[in-house]
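Which chain is which? They are A, B, C, D, E, F, G and H, in the order written, and residues in each are numbered from 1.
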Amino acid sequence: MNEQQLRDLMQQVRDGAVGVDAALDRLRHLPFEDLGFAKIDHHRALRQGMPEIVFGLGKTPEQIATIAGKLLEHAQNILITRANEQVAALVRRSAPDAEYFPLSGAIRVWRDRTLRAKGKIAVVCAGTSDIPVAEEAQVTAEVMGNEVDPIHDVGVAGIHRLMQNRQRLTEAKVIVVCAGMEGALPSAVGGLVACPVIAVPTSVGYGASFNGLAALLGMLNSCASNVSVVNIDNGFGGGFVASLINRA
Amino acid sequence: MNEQQLRDLMQQVRDGAVGVDAALDRLRHLPFEDLGFAKIDHHRALRQGMPEIVFGLGKTPEQIATIAGKLLEHAQNILITRANEQVAALVRRSAPDAEYFPLSGAIRVWRDRTLRAKGKIAVVCAGTSDIPVAEEAQVTAEVMGNEVDPIHDVGVAGIHRLMQNRQRLTEAKVIVVCAGMEGALPSAVGGLVACPVIAVPTSVGYGASFNGLAALLGMLNSCASNVSVVNIDNGFGGGFVASLINRA
Amino acid sequence: MNEQQLRDLMQQVRDGAVGVDAALDRLRHLPFEDLGFAKIDHHRALRQGMPEIVFGLGKTPEQIATIAGKLLEHAQNILITRANEQVAALVRRSAPDAEYFPLSGAIRVWRDRTLRAKGKIAVVCAGTSDIPVAEEAQVTAEVMGNEVDPIHDVGVAGIHRLMQNRQRLTEAKVIVVCAGMEGALPSAVGGLVACPVIAVPTSVGYGASFNGLAALLGMLNSCASNVSVVNIDNGFGGGFVASLINRA
Amino acid sequence: MNEQQLRDLMQQVRDGAVGVDAALDRLRHLPFEDLGFAKIDHHRALRQGMPEIVFGLGKTPEQIATIAGKLLEHAQNILITRANEQVAALVRRSAPDAEYFPLSGAIRVWRDRTLRAKGKIAVVCAGTSDIPVAEEAQVTAEVMGNEVDPIHDVGVAGIHRLMQNRQRLTEAKVIVVCAGMEGALPSAVGGLVACPVIAVPTSVGYGASFNGLAALLGMLNSCASNVSVVNIDNGFGGGFVASLINRA
Amino acid sequence: MNEQQLRDLMQQVRDGAVGVDAALDRLRHLPFEDLGFAKIDHHRALRQGMPEIVFGLGKTPEQIATIAGKLLEHAQNILITRANEQVAALVRRSAPDAEYFPLSGAIRVWRDRTLRAKGKIAVVCAGTSDIPVAEEAQVTAEVMGNEVDPIHDVGVAGIHRLMQNRQRLTEAKVIVVCAGMEGALPSAVGGLVACPVIAVPTSVGYGASFNGLAALLGMLNSCASNVSVVNIDNGFGGGFVASLINRA
Amino acid sequence: MNEQQLRDLMQQVRDGAVGVDAALDRLRHLPFEDLGFAKIDHHRALRQGMPEIVFGLGKTPEQIATIAGKLLEHAQNILITRANEQVAALVRRSAPDAEYFPLSGAIRVWRDRTLRAKGKIAVVCAGTSDIPVAEEAQVTAEVMGNEVDPIHDVGVAGIHRLMQNRQRLTEAKVIVVCAGMEGALPSAVGGLVACPVIAVPTSVGYGASFNGLAALLGMLNSCASNVSVVNIDNGFGGGFVASLINRA
Amino acid sequence: MNEQQLRDLMQQVRDGAVGVDAALDRLRHLPFEDLGFAKIDHHRALRQGMPEIVFGLGKTPEQIATIAGKLLEHAQNILITRANEQVAALVRRSAPDAEYFPLSGAIRVWRDRTLRAKGKIAVVCAGTSDIPVAEEAQVTAEVMGNEVDPIHDVGVAGIHRLMQNRQRLTEAKVIVVCAGMEGALPSAVGGLVACPVIAVPTSVGYGASFNGLAALLGMLNSCASNVSVVNIDNGFGGGFVASLINRA
Amino acid sequence: MNEQQLRDLMQQVRDGAVGVDAALDRLRHLPFEDLGFAKIDHHRALRQGMPEIVFGLGKTPEQIATIAGKLLEHAQNILITRANEQVAALVRRSAPDAEYFPLSGAIRVWRDRTLRAKGKIAVVCAGTSDIPVAEEAQVTAEVMGNEVDPIHDVGVAGIHRLMQNRQRLTEAKVIVVCAGMEGALPSAVGGLVACPVIAVPTSVGYGASFNGLAALLGMLNSCASNVSVVNIDNGFGGGFVASLINRA
């Protein structure tokens, strides 16, 4: 249901051609176009003022491409997470300007590049191996209209490198911190700044890291009070929440 | 080190009476008054622009009261968490206006009641048993200068009650959601609003709730992208992060 | 022991040629035909009034096909779970009418399509990625003689989509709800209806979903009292229990 | 809002004295009487056709008694779970006919004793130590209008005792099985009958029973397909689900 | 060091040609022939009166074959666990009579087939998928000189099949029971017999079986007192312990 | 049903006064005397040739005393586990010769002291804090007719103490080893002897011992093949299994 | 067996009055004086060159006092861990100079105060609540002959406080770091120094700290390579290992 | 920045050509050469007096080779962990003398072979399957300037093999012990020696070893006080900590 259809409906209501109840009913039912395997909710973008998001995990390349194609009829900006080269190729058939980010598997169609927030989001990561998650956070935050300052490889075992970036950290309005292993970086960053810190545990590590559990527990128990946490490897979630805060 | 002392020092630097290094050194060392068992950092309040916080857990009543007494020489507002009646009595000797909240064990000295944020924070809880955690969040958010709208007893098993409060939810700039058992409420709330949601799992439940683990995992896996999570029963953390967002 | 043998035995009992105890004894021992690797219990179908079930997990394609072939000598309806294309090809040699469901890996021979229950079973799932589990539940419930109403993609983050299907939910006599991630959907559905809800956690999710553990714990701690739970990804179990309830 | 009020409202709607929207609005808002700490939903009883339930866990005796008193203005039957002697005394002030069950801590006001189901519910438990949980299931099923057949102390280590009760088991329309330790009883019972079995793991056991976790996992992995599971020690849930099935 | 060498040494001691300390020293050092990656202890066979065992897990095919070759210079019977076709081919070069068991991956050289125990060992398994583990137990018990009675596919969900084998169970002197999923079979068997039962949890199952954890916990919490437990999928351990008991 | 009743019944069968079926029926039903809360199975002693066991955990003192009193009408030897002083006092009213073991909480009536096994059982423990569990094993093994050799305080950190007891260990026909913390003692003992070793993990330890989980996992993964394991703190189980092996 | 006895024995060997074997035998057996419930090994002090340690956990006050009394006949320095006021009173009867440390429950008899190491041990803790564990480490290190520099309350959320103590940290030859919650402090300290860091997780925290599990996992996954870890709350272990390193 | 550059800078400072602040600034910024994906810190080698370490896990072969190439411009010795054949080939292009260790995946450039410690490090492992982890520890300790004594295949189930190596163990100044399964070896070794023992749990084992968790817990709960622990399979960490101790 595009804007023109919406205006038409409202005029019919004003004119009495359609009753209020019928109008409500149509509004309620129209936005769901049934693709057989997934209901697409175009209202979601309006409701949350955001680009369309397609979670790639557990969907076939064909399902993803079909959903993306449908969304592109209405949406300017689309973000697909956890996809791959093959999906990117399929998407580029309908959107040749789609970017593909191989480290994180993200695909982005980014046509409306308006900045929607005054502040800056710093996306910090502890080590080289955490970059894929940080990239997902950055790609997300950018497509949601934010300026992003990426600060990589500043883990707590070399605390002076973190200290050297203190200025950039204090200039951010909200910070996303991605770290695996012991997950200590959000606590250290959180103690240096006064803004909200979104901690993203990564599954980087081995042995008793238990695929990110150690980092997750560490972040949940942070002694810095300005830290809240999203799921393991959920760079998207980190970038999404940070964007909402930056707009707030 | 109060403001006057700071000004004096700066003048001495300007006049050459104190060298830059010596000044730096004094600034670095002065703010820590050693109480023997804890270093109090008066700078923290400046750095984060917040009231003083004393975490009561694992400290003796005497330790808490001594720290609080010291802080009250400088601070307008103090929040003590996880305390009890006995601590409250000790604190009231130096601060007769201290409030005590028996459900959550919080103690609050709230002298500077300036509102420091434009928006409103909704503090939502699922059931009666979650109220102590919600109370801790509310007490925290208020003493940090926020207007709080408490919405209790709107768990997902009676989804219509949640729907009836939809208006109040959409008016909030940030929402704290406290829930135990399956911890589903943040997902439901997150789907209804476009603002950030801070989820606080509570240890309410029995059997396979494993003292809040079920709720914690549920919230970390929320299908609503605007949800981030703090520690189990950490109402303080929920209120603190929400306050930072509300000021942002 | 085929039907002719059974009739012969009964006549011998009537004629006094075989005593009651001896007849009981033979009945007790005969039904197990030893295939070398598995004992097939033809009585089971009689005892529980159900089609034959073959659990494919951990069996070789040849074992499955042999068991299925043996069962087809007696049974009208057969359901094979967790199989694959290769098994389907083998089974079709003896049963060309066998259906294969690639998402769930189920194979079904469905010759007796009598409806054996008055009510309807709704099979609900939260997201596209949960469909394989929901399909297993639906295939099971159908072959057991039930009418099934599938309702897909109604997760709690878009609660209005769930609300739009309220009518269909209330028309069901029992509901199977499949959901991964935080597993909140059974609680929401359970609060909307008065009938039993069978919750099936799925392993959909990542990070702290721990392969379905988060959803499992969430469902076990559901604040809706009409919810009971089966194993992770156990769509078959969900459909089976629902069928028994629908017949009750 | 009692029945008379409801009838008055409907007549006003019929007479045009109240518009449909206003009527809807009143219906929507009336049933919640705000007690300050909990919203009581009198509609719930209508919606689910059940007695009122008060979950005692995590509520103070005074809170429970206040809620119960309020409910008794409208409800015939009330069940309070996880209460104690002290709560029973408070409740008896307004309901002298309240029963108290010390093993499970249940309190029951049972005035309307109509049987609402044709079948019988068997409540089975493995050992003497599981009786408190079985009692909670029985008390629940009775107050919901069911005939209950309790079968105690038939654990799998003495399988002949279970076999001796086979007749009673097959006469039930649904069976609740409470067991701790290895939680094997539901599988054994499930294999003997064709009806649904609701398994209730109990925290009975020591060491590696991990407070009921072993029994819970055992039941979730039951090789009997007619078993579904509720939370550890959740006798109420077992009785509740069984009642819904028995009415179905 | 073979028997002749041992006799020579003892004679030298008797004759005074070698001092007691020197003899002790040689005895202590000789049996370890250093292969570079593993020390082979020929004494082990004497000390425990058993065939040689090679644990294949985590060793390369070449390492296994080298160790086996070395052992075959002294040993009549050898059992290699967790190997594969390729290892079997390598071993057959030096021992053409080596048997290979593809389900369990065991390889056996069985030249001395003396029965070393009076009783019989029953090896019981719950389902077809548990047969690989049961096979490992049987192969082990046989090569250690025991008569084995295999009883397959008698899981608790069809308790009558277990009852039909009661006679064979009571004739065993010790019983190995292999079961996955809920792991209830050892309890049921244990309640029917008076002899020791060695329970072997298998990783058969899915979802909340957590790769055998559910079965393991169930068996550790068995209400039958004659049950002890070995590691998940450890058919070898079950057969080994049973053999020791059968010889006792 | 005492012996006289049994003889009467057999004579009636011989005389034709009671049919075989009727006799079977009476035998089947008589032994269960219903005490209201527990079914006592006098046959169990016959079936397993063992003294009567009462598991005290989760039963009230009165329940235990009533069961014990009933059993004493038939049984010579009784063992009550996990009881206390108060239960001991109640039991002594009907059995003044009952022994009470305060470390383990065991109560024993030991009238028939016939040795029923040829070998000796060694009960080994690692440290002073493990003695309560070792005591339960010893008390159990003794009342079941075994000679017991207790060997205390020989943990692996002082391996020479274990070595000094090597002679006593090799003289045992079966060994029970109780250890907490890392639970390494069964492996060390198992490597020194050729007989079966029953490992009993204890909850002794702190921090990451997780109430005996560390010891339990250690024992299940023992590199000594002659080790099988019972539940945490289950000294009774260890003594029971060892007794069966010693009789075998 | 004191030094004089040892010298006497050696002279008897030299003089031929005692054979070598007999001497070995006496050496092997003498040091264990059997107190009935624990074997005391006076050799341990010689073997490891350390004071005597009594682990109080799980022992009765009387057992501890008896062991301590026995040890004091030979030892200059004794450390008792996890004791209490009552034990301290009992110990002071035989050793009036015994110190009692109420935070950690340690009791120390410290007569030989020789410094046995050249370097200094820093004992660092994150917060006031970690002091009991740090105290246990300090008391241990001191009684083992080390100079200790305690540095308290320098958690990572206030990283500048840690930086201010950098000089003291670099002066230490080995550092013990005690921290609860997220356990990040060892990583931060480890990155600042080049010496070994012994990390002691504490059970300080709540919710998802799971009694120190979060801190333990964090420390095991430290990105600083110079960190090794001991058990949760094991201040003694931290001090002990640090002492060995400082002597090395 | 090499030593000459550093000397030049210092002279410029002495001569007044560069101000103190400017010098500090250059020192602070120079050592980080930005490679785009990782910040290389040449100072680290100076700060900790160690060769350069590259953690291969989670980095692409190209990233590793680039980092290694950059480091080789300054460093004599380099250790790359968790790499493979392909990385080794890439590294050999710039360093033809690079060694590759296929069991552990380590790559080593070892040009400066100065011994930097007086003592010897024993690297002990329990079984053949633990050798890859022991190799990583040995390779690390050697490149850090230590003499290493490898002692393989001395697991606790054959305690006499451990005893035979007692002499070599007591000659070491620090011992690294690698063991999987029950992880008991560090306790046994720790009880035999007086020096620090670094325990490295390995993921060797199956079933309830849970990928090294059993060994890890066992080592953390060691009854030998001289044991500290590093992460599962972290041979590098074991060798690194041991090297620091050996230099201390």
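To be clear about the criterion, a residue touches a chain if its C-beta (ideal position, glycine included) is under 8 Å from a C-beta of that chain, and two chains touch if they have at least 3 such contacts.
The shown structure was predicted, so the numbers you read here are calculated from the model rather than taken from an experiment.
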Inset, instruction - Return the chains common to the contact lists of subunit B and subunit G. - result: A
Inset, instruction - Specify the chain most distant from subunit D by Cα centroid. - result: H
Legend entry - Chain located farthest away, centre of subunit E as origin (C-alpha): B
Inset, instruction - Match interface D-E to one of B-C, B-G or C-D, accepting only the pair for which over half of the contact pairs are the same residue numbers. - result: B-C
Legend entry - Where subunit C and subunit G are represented by their mean Cα positions, the distance between them in whole Å: 60
Legend entry - Mean-CA-position distance for subunit H and subunit E (Å): 38
Legend entry - Computed distance of Cα centres, subunit F from subunit C, in Å: 43
Inset, instruction - Compute the distance, rounded to whole Å, between the mean C-alpha positions of subunit B and subunit F. - result: 54
Legend entry - Sites on subunit D at which at least two other chains make contact: 127, 158, 207-209, 213, 216, 220-221, 225, 231-232
Legend entry - Chains grouped in pairs wherever the two touch, ordered by label: A-B, A-C, A-G, A-H, B-C, B-D, B-G, C-D, C-E, D-E, D-F, E-F, E-H, F-G, F-H, G-H
Legend entry - subunit E - residues contacting subunit F, complex: 47-50, 53, 119, 173-174, 194-196, 198, 216, 220-221, 225-232, 236-237, 240-241, 244-246, 248
Inset, instruction - Flag every residue of subunit H that touches subunit A in the complex, lowest number first. - result: 28-29, 32, 37-39, 41, 44, 57-59, 63, 201, 203, 212-213, 216, 231-234
Inset, instruction - Would you tell me which residues of subunit C are touching subunit A in their complex? - result: 127-129, 131, 152-154, 158, 160-161, 164, 204, 206-209
Inset, instruction - Quick one: which bits of subunit B touch subunit C in the complex? Just the residue numbers, please. - result: 126-127, 155-159, 163, 181-184, 187-188, 190-192, 205, 207-210, 213-215, 217-225
